[in-house]
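After this come two complexes, each holding chain A, first together with chain B and then together with chain C.
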Partner chain A sequence: MFKRLLELLGNHFYFLGDLLRAARRYRFEWEEFLTQLSHVGVRSLPTTCTAGLFTGAIMAVQFHMQLKDFGAEAVLGGLNTSGTLREVGPVLIAFMLAGKVGAYTSAELGTMRVTDQFTAVECLGINPLSYLVFPRFLAVSISSVVLLIFGLVISIFGGMIAAAFVGGSNPQQFLSAIPRFATLSGVLLALTKSVIFGALMAQICCANGWWTTGGSVGVGKAVRRTATQSMVAIVIADFSISWIFNGLQRYFE
Partner chain B sequence: MNFEMLASLKLLAEILSKSVRWPGSKSFSINQLMDELFDIAYQSLQIVTICVTFMGIIIVLEYSFHMRLVLNDDGLVPGFAMILLVRELAPIVTALLLTSKNGASISAELASMKNTEQIDAYRLLGVDIIESFVAPKVLAGTLATWGLALLSLAIAMLGSLFAAVTFLNFTVGTYTQSMTAFIEVSDLGLLSIKSIVFGITFPAVSALKGLSAEFGAEGVGKAATDAVVACSIIIIIEDFIVTYFYSMF
Partner chain C sequence: MISFDSVSKSFGDRKILSNISFEIKSGEKLFLLGRSGIGKSVTLKLLVGILNPDAGKIQIDKNILPTTDEGVLAQVRRNCSLVFQLPTLIDSRSLFDNACLGIRGLSLKDRIQKVSAALEEVGLGHLTENSSNIFPPHLSYGEQKRVSLARTLAVDPAYILYDEPTTGMDPQTARMIHKLISKIGNRKTSLVVSHDMRNALETADRIILIDGGEIQDSGTPSELLKSRHPLTREFLKGVQIGPHHTPHKGPQDV
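The block that comes next holds the complex of A and B.
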């Protein structure tokens, strides 16, 4: 089990090395990159916005239930925004994106692999890693970061609407409590998490798509592996980032 | 568009009603249910437990940061963090993980059966597709989500106890005292309601997407990714509705 994990990690690093080397040696495919950006980025916007809206709303209802007992509804806006930005928002939205963007890209690359399109491209004297994979890698990582930030901003509005619904606080109260809690460090933490989750998802979906073997059943397996690996990677990365940030914060205080 | 939506609503209603009646019908077989449970629950045991435990640890760390900001004291952290874990994160993280792991494969399986005309062949033989292929998955998905949510919650409690003792100067005694002061039996009820609702949703919606897939290999892939997206969104919306109604009592 442990040996298999190390092998997997090693393979991921080898793939990343090959990919970056190929990308540096050959010219960058702007056209493919922009197409992929529109495919994975723009089309996932409605999904991400819905996810963000409801994540914020759920957290607001939960926090309201807990704060009600202490009569501390005035801080609902701040606590909700800070809690969603720092922790629950990035993870839940990243789970959603791993299901949508990651699965789509690894299924596409896997289909290319099992229909021998990579070999065909190689026969034409073009490096498939720099021509097909690297634009997707970059598109997935950039659009994941942008989508995560979009979802997080929208989650604030979701929380505000839900807070007005359950009677926790009106929108002015909600918004005015935000700056006390959602400080620069919270926003920085959310941004760090977004960037790292985006890079992890791009790496995992491209690598698993590239490694696909064995026909259309193999494509299904690759998609499933992508989902599993990205979720475990996201949760572990989340823990490590939070832990390191907490340590840094205590050090500077 | 409207006609298609109505048709898929009818199919969804058929799936739900046949799944509810399946344990009493003559096509019920305990072996098939066990097979599906092995596929859905046992194969996902590790990943669900790891993810929920890490979520529990992170929640404890983050909550202690917030509590020190508001109250200058983190004595209440275990209670608050565990309430959030029981009411919210254990069911939804379990359901989202099972959705991306199994929802996609349920949908792809049914879509490729449809593509290779196996579904038409079964229909010709007089086999009810929904009763014999979909209903066991729905029942197994429901049981799996409920069981995994409870099991992973138990392990996550131990994990966050470990984290609180290691990183936050709690002792086992103060931690359990603060935890038991807040959690009530009704919280476990909310967890059960949520995980059962989510557990019915993801196999039913994935099966619906699989059965209404378009033809060709592309249709199979599209059905699988569509199923994951639709299930995740529906689960989050249901979560909000259930939480909202619970907060009114």
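The block that comes next holds the complex of A and C.
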């Protein structure tokens, strides 16, 4: 088990090395990159907004249930925003993106592999890593970060709307409590998580797509591996980043 | 000229090619025939350096494979274009992008000219004007296959290698593709991997039959028709020599 995990990590690092070497050596494919940015980024916006909206709303409902017992509804906006930004928001939205963007990219690259498209491109004297994989890697990384940030902003509105409906809290009161809890370090933490989750998703989906073997069954397995590895990597990264940030925060205080 | 000199290839314990030697002369249309899974496609992949032989060497003009020199490999791939069994078009790229994938260092105007000529040659000239807005999933399988052929022609290679060019096609489209191969073969050296003896007899200048990793029989179509080799007889069984009777009219008739 431990050996297999080490092997998997090693393979991921090898793949990343090959990908970056190819990207440095060959011309950047802007057209492919922009197409992918539109496919995985722009088209995921409605789903991300929905996920963000409901993530904020779920948190608001839960916090309201707890806070009303103590008569502390006034801090709902702050606690809700802080909790969503720091922990729940990035993880939930990243899970959703791993299922949508990661699975899509992995399936697309896997199909290219099993239908010999990479080999065909290679036979024409073009490096498939730089031509087909790197633009997707970059598009998934960038769009995931942007989508995560967008989803987090929307989640604040989701929390505000839910607080108004469920708890009768007025939006002004909700917003005014935010600066007391959602500090700069919280925002930095959310941004750091977004960047790392985006990079992890891009790496995992591209590598699994590239490694696909064995026809349509292989594509299915690649998608499954992408979903599983992404989610596990996201929760491990989430814990690690939170732990490191906590330590740093205590150190600086 | 292409020459295979005592080439062997195995995958694990499975011996695919055993000490194979043959030559393809410039301008020749050579068909490599055999049952499925006996290493025909492997032969093509060895020829473009996607696989390396375990023993022996392959010479393509002055270049020798296997090599670790990427420059030599690039030159080999520029000279030998492989048309895959499946169309292998990039679904996210337009027909135009796919057709000019292998063209390097030319202006847009020249690329358009090359792609238009290639599409015209494969009987898809009517798609040229709109080629930037058409994507592979919009095309039929036969059309995709012809675009993949146009992509090869646009590179203008000296040698064209076809991997089972008509597998999975209806008889009409298969015949159309073979007509194309025959037409292109009049000015390009062609190596066609197939199991279709009928089309080989109609199109090839020379046919090689392989089985068990070795060359079993070879010769011109008329020589093979007289051959007593059991494998050749088996392949000839059921092949009716003569023109096809399937009428084929319209713009797709190339």
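One rule holds in what follows: the second predicted complex is superposed on the first by the 252 of 253 C-alpha atoms of A that agree within 3 Å, B and C clash if a C-alpha of one lies under 4 Å from a C-alpha of the other, contacts with A are read in each partner's own complex, and residues count from 1 in each chain.
We take it that a contact is a pair of C-beta atoms (placed from the backbone, for glycine too) under 8 Å apart; a residue touches a chain by one contact, two chains touch by 3 or more.
Source: prediction; values computed, not measured.
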item	value
Partner chain(s) touched by A:224 [first = chain B, second = chain C, both, neither]	first
First, second, both or neither for A:107, with chain B first and chain C second	first
First (chain B), second (chain C), both or neither touched by A:58	first
Touching partner for A:192 - first (chain B), second (chain C), both, neither	neither
Contacts of A:116 with chain B and chain C, given as first, second, both or neither	second
First, second, both or neither for A:173, with chain B first and chain C second	neither
First, second, both or neither for A:75, with chain B first and chain C second	first
Contact breadth on chain A, by residue count: chain C or chain B	B
Contacts of A:124 with chain B and chain C, given as first, second, both or neither	second
Partner chain in contact with A:246 - chain B first, chain C second, else both or neither	first
Complex interface listing, chain B residues touching chain A	47, 50-51, 54-55, 57-59, 61-62, 65-66, 69-70, 80, 83-84, 87-89, 92-93, 96-97, 99-101, 104-105, 108, 112, 167, 217, 220-221, 224-225, 228-229, 232-233, 236-237, 239-240, 243-244, 247
Complex contact set, residues of chain A against chain C	31-32, 35-36, 39, 108, 112, 115-117, 119-126, 132
Residue ranges of chain A in contact with chain B within the complex	47, 50-51, 54-55, 57-59, 61-62, 64-66, 72, 75, 79, 82-83, 86-88, 91-92, 95-96, 98-100, 103-104, 107, 111, 162, 165-166, 181, 216, 219-220, 223-224, 227-228, 231-232, 235-236, 238-239, 242-243, 246, 249
For the chain C and chain A complex, residues of the former touching the latter	45, 48, 50, 74, 77-78, 81-82, 84-86, 88-93, 97, 101-102, 104, 148, 151, 155
